[in-house]
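First chain written, first letter: the chains are A, B, C, D and E, and each begins at residue 1.
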Amino acid sequence: MAEGKTSIKVIRYNEAGYEEFAPSTVDECFKDGFKGVTWINVEGLQDARLIEVIGQRLNLHPLLIEDIRNTELRPKIDEFDDYIFLIFKMLDLEAEEVTEEQVSLVLIDDTIVSFQERPGDVFDLLRERIRNGKGVVRRMGADYLAYALLDATVDEYFTVLEKIGDKIEALEGDLVDDPSPRVLQELHKARREMIALRRGVWPLRGVIDMLDRCGNPVIGEHMSIYFRDIYDHTVQIIDAVETNRDVVSSILDVYLTSVSNRMNEVMKFLTIIGTIFIPLSFIAGLYGMNFRFMPELEQVWGYPFALGMMVFTALAMLYYFRRKKWV
Amino acid sequence: MAEGKTSIKVIRYNEAGYEEFAPSTVDECFKDGFKGVTWINVEGLQDARLIEVIGQRLNLHPLLIEDIRNTELRPKIDEFDDYIFLIFKMLDLEAEEVTEEQVSLVLIDDTIVSFQERPGDVFDLLRERIRNGKGVVRRMGADYLAYALLDATVDEYFTVLEKIGDKIEALEGDLVDDPSPRVLQELHKARREMIALRRGVWPLRGVIDMLDRCGNPVIGEHMSIYFRDIYDHTVQIIDAVETNRDVVSSILDVYLTSVSNRMNEVMKFLTIIGTIFIPLSFIAGLYGMNFRFMPELEQVWGYPFALGMMVFTALAMLYYFRRKKWV
Amino acid sequence: MAEGKTSIKVIRYNEAGYEEFAPSTVDECFKDGFKGVTWINVEGLQDARLIEVIGQRLNLHPLLIEDIRNTELRPKIDEFDDYIFLIFKMLDLEAEEVTEEQVSLVLIDDTIVSFQERPGDVFDLLRERIRNGKGVVRRMGADYLAYALLDATVDEYFTVLEKIGDKIEALEGDLVDDPSPRVLQELHKARREMIALRRGVWPLRGVIDMLDRCGNPVIGEHMSIYFRDIYDHTVQIIDAVETNRDVVSSILDVYLTSVSNRMNEVMKFLTIIGTIFIPLSFIAGLYGMNFRFMPELEQVWGYPFALGMMVFTALAMLYYFRRKKWV
Amino acid sequence: MAEGKTSIKVIRYNEAGYEEFAPSTVDECFKDGFKGVTWINVEGLQDARLIEVIGQRLNLHPLLIEDIRNTELRPKIDEFDDYIFLIFKMLDLEAEEVTEEQVSLVLIDDTIVSFQERPGDVFDLLRERIRNGKGVVRRMGADYLAYALLDATVDEYFTVLEKIGDKIEALEGDLVDDPSPRVLQELHKARREMIALRRGVWPLRGVIDMLDRCGNPVIGEHMSIYFRDIYDHTVQIIDAVETNRDVVSSILDVYLTSVSNRMNEVMKFLTIIGTIFIPLSFIAGLYGMNFRFMPELEQVWGYPFALGMMVFTALAMLYYFRRKKWV
Amino acid sequence: MAEGKTSIKVIRYNEAGYEEFAPSTVDECFKDGFKGVTWINVEGLQDARLIEVIGQRLNLHPLLIEDIRNTELRPKIDEFDDYIFLIFKMLDLEAEEVTEEQVSLVLIDDTIVSFQERPGDVFDLLRERIRNGKGVVRRMGADYLAYALLDATVDEYFTVLEKIGDKIEALEGDLVDDPSPRVLQELHKARREMIALRRGVWPLRGVIDMLDRCGNPVIGEHMSIYFRDIYDHTVQIIDAVETNRDVVSSILDVYLTSVSNRMNEVMKFLTIIGTIFIPLSFIAGLYGMNFRFMPELEQVWGYPFALGMMVFTALAMLYYFRRKKWV
């Protein structure tokens, strides 16, 4: 459960005008006879009583009120005769850090009530468009607003995905320069982040598909193409996640093979050096023995002969290694 | 088959009142004309005769009576015209140890008969709620009680899952500090536990979905949203299990790569040390030979020259290694 | 094709009585007007002519007669207007050895004709129950007999599965004590056996599901719960096989990692020993050189100095290794 | 595209008689009013004009005529109102070499036109049966001929599969005797061949299933059981391919583990030998130093003492290694 | 977003004639009352205004106009009452480099409007066929033109696939000659390219299937067999991609095993050489000790005895190694 206090912000608009205020009571949020869309945004889930009051005002099922406060749920959609209840995950990218936040959405007549865990969201651009009357949003109903909220959320997914992609690319470079376990750990972490992202998008895809097909009267038929559009975006994200996972796997494979190859090269070189000198040292040791009667030691040609034997041995071994393609 | 003896406990309640007793005969469990919910809880499956009597009193199919005593079954649901038969697994976390227990449930009119392998269960909170009249349970029918029992069971799954998650995290730390095969074995054990958990939840998910869709008259239509809710919880557990499996795989991967990298570093260092000294030792051996005619040995500059040659060889090799980026 | 000769055994029973005999002609098997179940069991498939005669007497399709003698088929079910043809695999566990045998079953009115590859089967307990009139079998029709035959077959699968499980457990111990390739090979063999078992059960599961759903008049509606029951058993076997495969994989993983870890430990230790002595040997070699003018050699403190240098070098290296956590 | 020239062979038969000839024109192939089955077999696809003429005579869609000559297609079935067009792969095993050949089949009324890439096929047995009037083929229609052609093709698959299985078994032996990369390459090749085989059978399975279910008037209802039969065979082949792939994987696993284990054993033994002698050599080197003042050198007990120290060191190390279970 | 400027080319044709021109205004593209097919090809997506004008002229949904300019989309099909909107990827192979380009296609009555990212495409052969009146294209409608465009695109996929296949084959050779990390990286890159290709074809397969089944009036029923044909081609490409991935995996496996085997061989040989000489050097060191009282040193047979001991030790070790099959 997130910290902080619970506050409500209401945006009420239609093609003619626009109004934005922070109500002091729940009743203020609703205005009978208003022709237009009302968006009630609840920030913070601490005030259980307040959420319950809103829920009862909307006639929500008690389990849904529980769901709003249980921030561990998967994206889902619950349909009722006169309203639709949605849960999805909003990713927010602030200062290099990705935060996940659960958003619950109630779509009921011309009203949308959204519940967020914390203040701060990815909807500011949308609010700006409502304020300025840019785009079609002011001309459309609450179902379009629901679409716009989901669209903004999914767009942020793309941003996060791109960031993870960039991180993976950077890590690929790091791995070449400094193949430390830390980089490996980061790479695995990136893979896990992508899996988490996928786990958020995958059910969202189902939710949006259901929104498109549900035939609920709170969603107009002309919205189908819009939901189709977000649906395509979620599929695109899932694709991109899969591609990224493949890339990470490839990087790891190439890295492990390279490390192992390089290691093998080093060990082989060193072992060859060692192997060449071991017989030479043996010859030197041989003539370092202190037997009284070692005829070679007394000869003038003894020393050159030993040196020659060493050179010959070394060359013979090198020749053998080269013929075997070991050096 | 669990040990101990078989005992029956009956809880009978409606909105007005509440009654709890241990009947001495099977007939005492049932009371004609009672308006409310009867929950007959049979603990222990040793008394085959008693279970058969209860089964015949409820008019259960003989195969189901066998199923109740066969504790190796998968979660399943069998629907009949006038009753529903459920089997599911109850996990109980007591003193660090997870015990699995099979629960069979018969839902028939306003009566629920539950069969447990052992006394002791995860339903005490629910009993408390019935006794105190807290929550909606006293106002609802036997179908809600079935939901409440399943809900308590699935909630315990979350607890167990969390415990395994904690264990994995602890093992991750251990693996860094003390990468012994024991920790690896524990990690694999945790993975197997999660697979076992998944194997219990996966069919339960199907069972609950079926409960929701079956359209059997013993389950009211208003229960759909409740079963949907548990269904979502089971999906959440399956997701969490998948995530945990990924985490375990990642830990193992990073661990193995780290161990192998560290090992390689050590071996490379040691081999390089060896390789540098082997030619030096050879030079020393060379001038340790006992040939009578070795001109260098007689010279004043012989010893410094040999030392110089050694230093030069060592530096040349170090330079070569560094240029190759081996040190 | 199995060896031996083909023989026929007939069991004819109803609630009132029971009769068992070995007919000398095919016609003897059938008795018009008999009220009860006739089970004709053909052991051995060598006598192609005999099987053809039986097939023609039952009006079987020629392809089915071919199928009966082709013992390499997968479990399958072929439905016709007035009879059902089944093929499944019977495992028999005798003296530590698992033998697989194909059983073909024709269910036609009140008659079951079963064809086995060899004499000897897992149905003796069932025969005993028919003879003694124990259980419900004498009161039920031929469809129940078909169920009872399948049930006995599937029960034997559990026995085999348990045996493989025991073997795997024993191999896990062996692997720790004696990690020889033979144990690995046995472990892989056990895995293959389980895959083979799965390959037998998987289609059987479909066959039984089809039996349950086919709606063929030769199978009474009351049989549904019985077939459901075997179906659940087959699913349980498939689950157990999956679990066992996971166990084998885990064992292999832990084993390989342990072996590799232990090997690495050994190599590291030995290499460290080597690395410490190599510089010491070099120092010894240095002062083993025979140059006439080596001032140290002449000094009284020369030998203690060399020894001290060696001790210092060894300690310095040990200190370095310990700081690097290599020892 | 295969080489050679295109030739046509016609077999015309009914229950009464049989006729076989090589027509000189396309028109000769067809005979109005003939009561019986006509099988027109076109060998070689070089003569594009001829194939086009036949196609136009049969009123085939232009795309199908293209398909006949494009020998890279997957097995497929195209249904039309009055004819069925099939493509499948014929494997032919001649002199240790497997050749793949594409066969196109047009089934139209009582006529079958088959197109092969090359002369020579697996249908000779079938032709013999037509000539001799053995089996039911002469009594059945063109749909049965289509079945017989497919059946002969699938039977050849079994032969090829067996051959690959034998090769794998032989390679398993080779791998033990001579674990060279060549054997590994062959093993991987066998695995690829099996994958290729599977890729041919998998869509064929779908084709045959479609043939069974299509309900096209050119195929009689009594054919269902025959197509079911081939369908079962294709499933059997797919099963066998899967089993073989598992076997290959197992062989590779066991092999790699064995090689690695054996290598490790060797390296450990050699390193232990080395490690025991390194300190001994150091002791020898120590007393090979030429310091003037080394008291031990002057003592009578010096040499035995040094030898004793060596023996003690060696034994102590052996004891240590044995306690650690390294030797 | 690709660079350059946006240009329009119009081809208008029917069975009688053919006309090709670059219009200066959007209105020029359309000609009321023309009996025939109009293909409007827009090259370059920079001019957002122009694309919007075209979209509005065709009455396209605003989201589709956005889609045309968003070149990161997956292949998809959007169906409307009176038009079909397609997006697919065109691969173009120019000078060894594969470029991917998104093509959007609007099929509306007798008009096709195609949008490409860049000038230059794979449709030149098709244009030639329209100009010359070769093939059936001039006699068919706009639906056939859509098919022809998709067909040309898919044909180019085959070309690209072949190129990647060739590259893999070349890399297989390189890997044997020069097993450098670069080749590994290239191999992994080829695998990624194939995955990318698959990711383009997989949804295209669904798109074409949908085109075939959609029943939209803008597509004639006679087109079914044509779309079926491209569908088969996409499946073929997916198959080929899978095969190629298997090949790459096999190459990598064989390569890694070979490298590791070869490395092991080298290390074993070198270690054996070392192990044989280490005891010999020890013997030499032994008799290099300077003890005054070493009886062997004084004997005439001392030196030959030491040499003999060395030869014996070497032979004994070789014999032992050979018996263990290490050499």
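Observations on the structure shown:
Going forward, a residue touches a chain if its C-beta (ideal position, glycine included) is under 8 Å from a C-beta of that chain, and two chains touch if they have at least 3 such contacts.
Please read these numbers as outputs of a predicted model, since none were measured by experiment.
The minimum number of touch steps separating subunit C from subunit E is 2. Listed by label, the chains that touch subunit A and also subunit E number zero. Copies subunit B and subunit C of the same sequence differ in orientation by 70 degrees, per CA superposition (steps of 5). Our note on geometry: subunit A versus subunit D, Cα centroid distance of 41 Å, whole angstroms.
Centre-to-centre, using mean CA coordinates, subunit D is 26 Å away from subunit E. Of all residues in subunit D, those that touch two or more other chains are 267, 271, 274, 278, 281, 285, 288-290, 294.
Contact topology of the protein chains: cyclic, one closed ring where each chain has exactly two touching partners.
Those residues of subunit A that touch subunit B in the complex are listed here as 61-63, 67, 72-74, 76, 78, 179, 181, 184-185, 188, 191-192, 195-196, 199, 252, 256, 259, 263, 266-267, 270-271, 273-274, 277-278, 280-281, 284-285, 287-290, 294, 296-300, 302-303, 306. Within the complex formed with subunit D, the subunit E residues making contact are 136, 225-226, 228-229, 232, 235-236, 239, 243, 246-247, 250, 253-254, 257-258, 261, 264, 267-268, 271-272, 274-275, 278-279, 281-282, 285-286, 288-294, 324, 326.
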